[in-house]
Amino acid sequence: MNLVILPILIPLFTAAALALVRGCGRVEKAVCLASDLFVTGFAFWLLVYVDQHGPQVMIAGGWAAPFGITYVADRLACVMVAVSMVVGCVVVAYTFTTVTKAQQRHFFYPLFHIMMAGVNWAFLTGDLFNLYVAFEVLLIGSYGMMVIGASKAQVRETMKYVAINSIGATLFVVGCALIYATVGTLNMAELSARTAELTGDRAKMVTVATCVLLVVFAMKAAAFPLFFWLPDSYPIVPPGVNGFFAGMLTKVGAYGLLRLFVMVFRQEGSEFALNVLLVMSGFTMLLGVLGAMCQWDIRRILSWHIVSQVGYMVMGVGLAANGDIAQAAVAATILYIIHQMIVKSCLFLLGGAAERAIGTQRLKGMGGGIDLAPGVAGLFLIAAFSLAGLPPSSGFLGKFLLVRAGLTGGHYVIILIAIVTSFFTLYSMLKIWSYAFWRDPPEEAPRRPYRALAAPSAVLCAMTVAMGVWAQPCMRYLNAAAKGVTDPSGYIEAVFRAPLLRPVLDPHAAHETPALVPEESP
Amino acid sequence: MELPMAIVIGALFAAGTYLMLRPSLIRIVLGLALYTNGANLTMMTCGGYESSRSAPFLYDASGQARLMDPLPPVIILTAIVISFSVWALLLILCYRVYLDWGTDDPEALASIELHEVEEESAATQS
Amino acid sequence: MISGFLEAICMVCLAAFLGSAVVCLYRIIIGPGAADRAVALDTFVSALIGVIVSLCILWWEWFFFDAVWILALVAFLGSVAIARYLENGRVF
Amino acid sequence: MTPSEWTLLIVVFAPFVAAAVALALGRWLGRQSGWLMVIAAGVSFAGAVRLFLGHSAEAPPVYHYDWIPDLGISLRLIGDPFGLFFAMLVAGIGLLVGFYSVHYIDDLPKARVGRYYAALIAFMGAMLGVSLADDLILLFIFWELTSLTSFLLIGFWYEKEDGRKGALTALQVTAVGGLAMLAGFVLVSVAGGTFSISELSGGGEAARALQASPLFSWALVLILLGAFTKSAQWPFHFWLPGAMVAPTPVSTYLHSATMVKAGLFLVGRMWPVFDGAPLWTPLIATIGLVTYVLACWQALIETDLKAILARTTLAALGMVMMLYGLKAPDQDALQLLSHAAYKAPLFLIAGIVEHATHTRDYRKLGGLQSAMPLTFVLCLFAALSMAGLPPMFGFLAKEALYANLLENEVLSGSPALRVLVIGLCVIANAFLFAVSFRLIVDVFLGAPGEKSRDAHEAGPGLWLSPAVLVAVVVGMGVLGVTHLPQTIVNSLSSDAGAHVHVSLIPSLDHPGPLILSGLTIAAGIVVFQMRWVIGAWHERFKFLPTMQRVWDEMLHGVTVFAVAFSERWQNGSLRWYFSGILVFFAGLCAFALSRHGFGFEHFDLSVREATWPGVTLCAMLLAAIWRVTTAPTRLSAAIAITTVGYLVAMLFVVYRSPDILLTQILIETVSTIFLLLVLYFMPAFRPMTIQPARRLVNAVISGAVGLSMFTLVLLATSPTFREADNLADDYLSHALTHGGGYNAVNVTIVDQRGIDTVGEVTVVMAVGLTIVGLLRVRREAA
Amino acid sequence: MMRVLHFVKFGLIFLVEFIVANYQVVKLVLTPSPRFRPGLIAVPLRARTDFEITSLANSITLTPGTIAVHVSDGRDTIIIHALNVPDDPQELRRSVTEVFEANILKWTRPRNAPGMRKERSADDQRIP
Amino acid sequence: MPPIHELFVGAALLLGAFLMVVAAVGLIRFPDIYCRMHAAGKASTLGMVLVLVAAVTLLLFAAESPQWSMAVRGVLAIVFQFLTIPTATHLLARAAYVREYPLAARTALDELKDFLPTRPDCPEGKE
Amino acid sequence: MTPEGRPSDSPRKAARSLDSPARAPRFAEDSSAHDSPVLRMVTRIATPLALAVSLIIFWQGHNHPGGGFIAGVMAAAAGAMYLLGFGAERAARFAWWRVAVVGVLIAYASGTAALIAGKPFLYQTVFHVPVIGHLPSTVFFDGGIYLIVVGTLMTIFVELARERL
């Protein structure tokens, strides 16, 4: 289906068109929202369509796999795109209030849409190197967003962020190269098919080569010990956009780990990488939450929580090493990724709203949020408890699935860590709550209207609760999606079924050319 | 050709690392440039090499000519362009960092507490 | 593609160009000043052009010939930029 | 849907509806929202009673909805007697507390009161859910909801430090237990294959599978952790006194009558599955007994009325827990009901006293009986019940306890143990006796305290609720001459076959309990007389760490570690960040290589296909690279890196790739110009200022990274490991015929892999836009 | 037509000088211990337009022992670096003006009019 | 005996290569930067021109048909060499002088100092 | 180029004086003080030449080394040459980034045209235009790339050239 490209293409077009008009106030905002809502609608339509008709494939340029670049909308990709677009819409609506004229003139919305296109791109692509490109598109958008306004702090942190991600990009290219050398293809479907048949020393070599990609994706996902970039950079991202960052960037990395290390690399002994991830995930969960515990700024606390929560996703990926629980673990991971997209964005957005309502962002100076902005307080409570995994919410469902998968598989230590982390998560969310929403309101803080910020966040809160309540449809879909990942035969078959659409242009062309150096083109 | 290439790649990454660990923003930028070159050469090397093959131009009507794999150059080209663009951005960011912070030593940069800056930026934003 | 005579000459030239590139590189490395390095870089690029032309002839693959004039052009650009930087600090 | 199914749903969900209404309309209704609670509790209570009366114990009403069949989780409610007993307790006391609360809470902003009632009503709903849930996960969900709502309720006085602290500690402790419990439930389902409580306790296949599983004991321990924390059993008891900062209705409802009993309720639900576990008695009975004894002791030490009551609550909970441990679940309904009946009014009375005198410290009170005669009478009856004196309900319960202990089969193996247990229970009850009399004597009798002056009798809105409960206390006690109390508590017990002997008339055949009661009273009088001495004596033990302090220190320690970690780890230093990433990379590569048995013997050190121009270029490249790292000045570094770029371009010639040759040359030149443009603004290179040790570390890291890359490339490209069947032929064979171009590379770039290029140019444009923004912002500001 | 002839003439002279220059360089490079006396010498200019100056400067740079280093701000003097300065620097100045400048001006200017001095072409304008 | 054009090409190539070597050696041997520029500027230009002439000759005479487009590029490259190398040399020499690159001890006279102020205080130091 | 006053209390200056107290302030901002007529003349000749080269490389891309990207960088190099000879003032008046954006739009549109025609994104074909002959549709895509590269690189050149201490 050719339209699979739309979630990438429309944001890109939007970005370019908006760049050309350069910050045309309301018109720009209207165009943004219209385009994002359209793509969101399309994404949900695609999700339903794929659920009914199986994976949809578009090969760019009408070429054929494995050399044409494939775009595959399987269940996993669809749900990722749909959720990311919802978060995107919410964030866009949120930024209508927070964005400044200067930011708008310096390409706020174009860069935002480039980032959004990159995110969707990363979800949809079926080619390893194209994934690199997608990541770079997403990253460049994020660089632009991060530095927009160019305050002192932004410049410093963006510099670090770019530098660290440049290492990641380099290693990504190296990883692609090593995979190409050892497997001979970059197409994910073909990689999956080929690696499944690899055994012995060749398989071992592929496993070693994938370690480079493991570093890359673990870094993108902000897993221990590679999360350096995250806690420093997120607090300086403009309000609103930090919701998108929080929801998307690390999740794309986690998605990459899931897609590559579970679905694509299936050679004999491929569990090695997953086991490494499992070990990393334990540290990530625990150290991330410890980092959060001692922060005194809402954004910093939430940023560290992102790290900690990434641990759960990486754990889910790592658990997939155990064949008995692979599908359950993958379903849990997908759910957890979605949950985090929603809840982390929501928390950042609500944090921003609370900052506005209370008038400061330093936790120690806050207070009285429950009286100043009861709506925000209520939403924050929902999101915070969802983050900590309390029912009934997507967070509980996600944690439950992970714990179930882990205990079924006998991975007691990691589940213990997960549970301890969950406790500390609650501890630190309660800290925010008791400092920002309880206590007496600060005097002399500049309070600004916050309702326009709370409303978009409420959509996300509703989603996390809805996922907890309507868990069965979610589970049915997720189980099917997970099956598509652990057993990619449907994916592979869909990719290779797509025919070569390009005609032979000139069958004789090859025989008419001069032997040496041609004077002109054919 | 793999052995000399591997040595060069190793050297590029080692030197790039060494530069990035030095306390100077420009050296970090230079180190990343070396990394980029290293990655590109890795891709090239991984495409395989036979000295008898010729460039991937399809002028040989007989189809007998043994041509190089066109994929590594394509990938390198994309990678070069992307990393060059990002590198340019990083370069300019370093310049802005020096301009704003008055130091090009990342260590000194790190020692300045962010919350001091945050308060300042909060003041300017509102 | 080419006669043995030319091939032999090309090999010799290739060696000579590579040799002079090595010598230029030596100057680039030891300096002592940036201007010395810049001058050496200019010559170094010329030597590389020689290498490319030799290889074009040797392999009889002229796809690399475009690099010759582009190299000439950009080497000029680089040298002038360095000279301007050296003299003035500002390139543009 | 049958009427009883409807009724089950209504019992559980009516309060949630009311809570939603309270939340939505609270800012207008204010304290009147309390009536919503009364109504909801009334509805639920009526529903529960109807279900209890309408069904036999063998065929309880069930509501079943397949909620998440993929996970085996269902929304299954069951109206068995024990569950309904608990539900009736929750709803009944909820009704009274709601009524009391309407008159108790005033002078606060309406919105805040509305929120308070929403939480209180939702809490009631959650407790009803816990009572009737027949699915472990459903039970867990309601369980966590009670924690959450209780957190908000305890933190009612959120402006106050101790209000917040009490709420936080309570939630933290119960959350730990809740999480453990979830893990326990999951283990149960992993081993037993179901979450259904009735299926498990029915002793069928699932229960046998669970009991045979090695996870059995682990599941038990984890679930008990949930129960112990919720029911504030030692050593998790410390949150309960702290939670007393809540308004009195909350303390009454949550911390005496309902929530703290949820742990016991859970054990009551679970004993049919687990009481065969070897850990059952040692763990539960010990913890229960320790809690029992310690709490009684501490109750006498406390000076705050609510704290005293909280301690006595702990004692009662410990006692029931001990009974579960001693495999005497048949007593649970009796003990729980009698405790709720006297403890709830005592709490409410403490609230009345506080309302009237603005203190809860008995040292500042005394002689209140003249000002508050009615309250005194209510307190007297309730306290006598707590003391276990006839003809109160508490006497019946204590008799039953002693009767059980004297004949308990678990203790039959060791007479010494039986003596010990009975002795401890007698001592504990003696303390309880003393505490009861302290309430009567030190608060209502004797000389007026400093705060007693303004005391006045409370209105009917406040005393009506305790009065109803005291009526139960007295009524059940007096009716003890009949079999009615016995019938009621036996039919409500979690043990379907319970036949506890409950009677006001002592049996002369078995005088044991009566003798023990006498002993208790005698000892109680002694303790009461020594109450001030004991208090002073206790002061000497202040140095012992309390569990509260242990908990706080533990969290503090974690925080200290967290600070130390996060400041060192996330120190903002790029060097550290780079080092971390790269060391991990190199380390992982080394680990992977060694783990898979790759060694030097796999290195392909032949110079296959290496041409001398290529090798020469590589050698030159090494020299140029070395120059870049050691460049003394910025410009020399720029020139060196340009040289590296040109040499790499030359390698592209060797690799027969004219397109990237051109690209590399051009990009390298443009890069150099960029670099020069920026260098103008940057400071000159400083001389090497870093210490030699650090330089060595840098060199080691660099070497490791370089070596990793070298090894990876060399191995991956060696003929053994390289996959020769790659995409090359696909691109070559389609470029001309289908792509229409002779330059396979270009056709691939713009066509076969054109979408890579789309991304690439997007990046290029975005960089341009970002740079425009980045540089113009400052110029515009200037 | 004359200008074309003059150009051709210049080209030939230049070619010869160019080759001679290379010969000298080769000689100097390959002589074990060469004797030469470098120096910077100012040569007054008659050429005025950018084009003339450029032609002259590049010619100087490419030919025996001289490099054009600087054109003075008033554009009336060109300073050259000579590899080997004769004892009488005037000799060198004369060779520059006579061999190159004169020949260049012959084909860049239609009439060897003194008024040329005032004529300023567009490329003479400084870019603001 | 190879054909005449090959002889010519061979000779041009060899001479060009020889001149490049000379230029490189000059870079090493000459005492100061200005003298090195003589070697680099002149020898490398002629060397390049000769090599390119050789290439153009081959393209026109050795291939099965004259490769005009390639040959034209070669000619253009020759023109480019004449245009650019001396200019670059000129600018570098001036920059070197401004930045006070030392003149060799044997330098006879310096008339430039009257025309071009040097910048001893330049922060770039000895770059 | 008009000299600009520097803010006297800029952190940069403070840092510099800390960095190297002995160093005097930099020389005048007016970098054209000693512009060489030779350079101006040569860039005047070389810039159009380089532009022509870039166009040739662009057109030969499909069959020879080259293509939109390389040609674009080449054109930007020509631009750099122009800037070297004539300074950035005049070039800075033009919003180069718009060129890049237009290029991006062209590139996207060329791929989307196929999408609208019911083919996959970026489906390329060969048109037969009366005068030109064969015209591969990749030309539009490549042309977009060309504009993007020129636009962006010129943007960076010009923006950096406009920066002042």
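A, B, C, D, E, F and G are the chain letters, set down in written order, and residue numbers restart from 1 in every chain.
As a convention for this text, a contact is a pair of C-beta atoms (placed from the backbone, for glycine too) under 8 Å apart; a residue touches a chain by one contact, two chains touch by 3 or more.
Just so it is clear, the structure is predicted and the values come from calculations on it, not from any experiment.
Farthest chain from subunit G (centres taken as the mean of C-alpha atoms): D. Comparing mean CA positions across the assembly, the chain most remote from subunit F is D. The interface holding more C-beta pairs in contact, when B-G is weighed against E-F, is E-F. Here the CA centre of subunit A is 24 Å from the CA centre of subunit B. Annotation: 10 Å between the Cα-based centres of subunit C and subunit F.
Each chain gets a centre from the mean of its Cα atoms; for subunit A and subunit F, those two points are 55 Å apart. The distance from the centre of subunit C to the centre of subunit D, with each centre set as the mean of the Cα atoms, comes to 70 Å.
The multi-chain contact residues of subunit B, meaning those touching 2 or more other chains, are 20, 25, 28, 38, 40, 42, 45-48, 54-55, 57-59, 71-72, 75, 77-78, 81-82, 85-89, 92-96, 98-101, 109, 114.
Among all residues of subunit D, those that touch two or more other chains are 572, 574, 578, 582, 626, 633-636, 656, 658-659, 661-663, 666-667, 669-670, 673-674, 677-679, 681, 683-684, 686, 709, 713, 716-717, 722, 724, 726-727, 731, 736, 739-743, 745, 749, 751, 753-765, 767, 769-772, 774-776, 778.
Shared interface positions of subunit A, i.e. residues touching 2 or more other chains, are given as 12, 16, 19, 60-61, 129, 133, 136, 140, 143, 147, 149-150, 155, 163, 167, 171, 174, 177-178, 180-181, 186, 232, 502, 505, 510, 513-518, 521-522. Across the complex, subunit D is touched by residues 1-15, 17-30, 33-34, 37-38, 40-42, 44-51, 53-59, 67-78, 80-82, 84-89, 91-96, 98-99, 104, 106-107, 109-111, 114 of subunit B.
Contact residues of subunit G toward subunit E in the complex are 1, 32, 34-38, 40-42, 44, 86-87, 89-90. On the side of subunit A, the complex with subunit B involves touching residues 129, 132-133, 136, 139-140, 143, 147, 149-159, 162-163, 165-167, 169-171, 173-174, 176-178, 180-181, 186, 232, 235-236, 297, 361-362, 446, 510-518.
Within the complex formed with subunit G, the residues of subunit A that make contact are 2-3, 5, 9, 12-13, 16-17, 19-20, 58-62, 501-502, 505, 518, 521-522. Only residues 76, 80, 83-84, 87, 90-91, 94, 98, 116, 119, 121-123 of subunit F touch subunit G when the two sit together in their complex.
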